[in-house]
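Input: one structure, supplied below.
Every chain is named by a letter (A, B and C) in the order it is written, and numbering of its residues begins at 1.
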Amino acid sequence: MENKIHLQDKLEKVRKNIEENKPLVHNITNYVTVNDCANIQLAFGGSPIMADSILEVEEVVSVCSSLVINIGTINERTIESMIRAGEMANLKEIPVILDPVGYGFTKLRTDGVDEILSKVKISVIKGNISEIKGLLKGNNDINGVDVSAGDKELTKEDIFEIAKKVSKIHNCVVAVTSKIDVVTDGERVVYLSNGNHVMSDITGTGCMISALLGVSLGGNKENIFMGTTYGVGIMGVCGEMAAKDMEKRELSKLKNNILDKIGSIKFEEFMEVLNYEYK
Amino acid sequence: MENKIHLQDKLEKVRKNIEENKPLVHNITNYVTVNDCANIQLAFGGSPIMADSILEVEEVVSVCSSLVINIGTINERTIESMIRAGEMANLKEIPVILDPVGYGFTKLRTDGVDEILSKVKISVIKGNISEIKGLLKGNNDINGVDVSAGDKELTKEDIFEIAKKVSKIHNCVVAVTSKIDVVTDGERVVYLSNGNHVMSDITGTGCMISALLGVSLGGNKENIFMGTTYGVGIMGVCGEMAAKDMEKRELSKLKNNILDKIGSIKFEEFMEVLNYEYK
Amino acid sequence: MENKIHLQDKLEKVRKNIEENKPLVHNITNYVTVNDCANIQLAFGGSPIMADSILEVEEVVSVCSSLVINIGTINERTIESMIRAGEMANLKEIPVILDPVGYGFTKLRTDGVDEILSKVKISVIKGNISEIKGLLKGNNDINGVDVSAGDKELTKEDIFEIAKKVSKIHNCVVAVTSKIDVVTDGERVVYLSNGNHVMSDITGTGCMISALLGVSLGGNKENIFMGTTYGVGIMGVCGEMAAKDMEKRELSKLKNNILDKIGSIKFEEFMEVLNYEYK
């Protein structure tokens, strides 16, 4: 109970900081879900800018409060822009969120993310368990994590162990989205168990979480861990509530409801539905 | 009646194969309707991947069950990716769906499609009658099809004749979307007369059909003809049902309803509404 | 009263011209809001084409009734396409609408727009007050407009003064979207005060206005001023009506409602809600 009030206070502060700052977020993202990402950032109280030309990304990011890098549809042109923008974000000391979509799937993605990680200091890596496990495997100095087990059989503690290692390698917060979401800074961990499996039947719920983190961290650069927890938590809570309103598998209704919930949920409602463990 | 039960059995098999395989579909498509295409593939039981960099398309398509090539916003960069992906799809023997958007409209589109067709074995070409007629005209060895008549005055039998010729030239199934949709493998033909004219007042219904074919054929590579019939049929049926729910010209409602119907329709409902002739 | 009937007649003519022409509009636009722009053009009675490859833009624009250039996500590739398409549009004497998204924000945007303006004759520039003020500052021969004052404190008369100057420099109609929208051809001015502040909480309402202008002017190239007034006015009216249907901050509902209103509003309804001053 103590713990609950403790977390509640911290998350409320995160929310207040978003409201007070209305963070401007620079997104270099994919063209599949970009519209949803922009809309969810607006709903969440941020202000999105999408720009990916190497001729302007440094100027754009210079005036922003955070940078979201999502490699969903990267190509030879955009990867350079991501690095340039990331370097400038580091110089300006604003948070950088990395969504390594499909890490380990193709050489372009794996090499691209590795290059970004080698040149840019990342604040949060947000991925599914396969992507996060991939990041661990990529590091040859690390032995032991059993990556042969089916991802779905991993317990939340297994996921935490993997996330913790990735967190230590890259000195950043790691958020793993799964049936139970895991957020860790390498020491502390929050387990979040909201959401609904039907959310994976609409495109972009993962991308939207990264977009939410852009807003959340844009207003909370002094508190990356709690900012990440709030961003991941709000998607789980709103997704769960949105799914409850469906009578059958009405996916457009689900998608629309998520945006409407994000845009209108009260903090008290959020805390009531939030299902978490904080250690 | 015999025929109806016959078709029903085949389509039910197609549906079952989709459910059992949850096909992974690689899409190289346009940025206008890409989000709708991803969502409709998920609704229909598939799993979409959008990737167009020449540095990764071969790897991506290698693990997929089908490839959808939609030239809606092609450029000098993406056309090469389409060909590379198509060649790899052929090597892996997975179905390739081609949507030659605007064939005959510009040199880039016409030459691009001709190049794709010369290098990649296509399983299904899906287009409107102007595009399909264009493909016929492009073949100088063919005489006789009267392309001067207004497209709208063509009977379904005229359309079948054109589609049959294109089918024989490219040795593939051809699906022509029109007031009455025509699907042929050069011998057999299915006429489908569902849908509603208002569907053309939202963008992407054509692209969504190609996307549905990606899913349908991804699970049915042994039965391209019936897979195509099911994919085209489901859009007609769901579009028709979606349009009936509109009280006036509420186009967002139409678009949302189509996705909801695709995601929730029962097979029996589908067969009840499906209006077809099979020869 | 006299004036009201006068404007009503002119706008009704604009509407009729759209209906009779179903204008084909070529859009070179951003990938964030492109789907919404296509759908709103269809809803408004137009027919959108999105194409940005330099290998085809001249051919595409040649058969269209208008061209919309929106620099929302320009890059080194698309800016050349915009200029080529614009030059061809001038040759064909069809209206060109320019949406200088973020003018003054980055060198790429500012130089890009300046280059477009130096090579292409624009019919309408549509922007927010910061962008339009930027265009004025860019012209070194002009002194005096106080750009240090906060944009929000500018009166509608101030905005008109700025817009009038930009209109004279570029010899075009200027539409400034603001709490009160201002449309001027350098002599006449219409002030439009519909809309709702919540519209800025969904992405793309600005882009959609430019898209609507593509349709409106595509059918009214002889009457750019009234065509612009109608395009800007319809968004304000439909946005205002759409916002009224929200019970709380339901942003997907707002977005959907706007499309539905644009697609179904009667002219009489439009005129009833339209709140304007015409001088």
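Brief remarks on what is shown
As a working rule, contacts are C-beta pairs under 8 Å (C-beta built on N, C-alpha and C of every residue); 3 or more make two chains touch, one makes a residue touch a chain.
Just so we're clear, the structure is a prediction, and the values are computed from it rather than from any experiment.
The chains in contact with chain B and with chain C alike are A.
The angle of the rotation carrying chain A onto chain B, fitted on C-alpha atoms and rounded to the nearest 5, is 120°.
Once the centre of each chain is set as its mean CA position, chain A and chain C turn out to be 35 Å apart. Each of the following residues of chain C touches two or more other chains: 31, 35, 255-256. Residues of chain B touching chain C in their complex: 30-33, 35-36, 72-76, 105-109, 201-204, 248-253, 255-256. Listing the residues of chain C that touch chain B in their complex gives 31, 34-35, 38-39, 42-43, 48, 50-56, 59-60, 77, 255-257, 259-260, 263-264.
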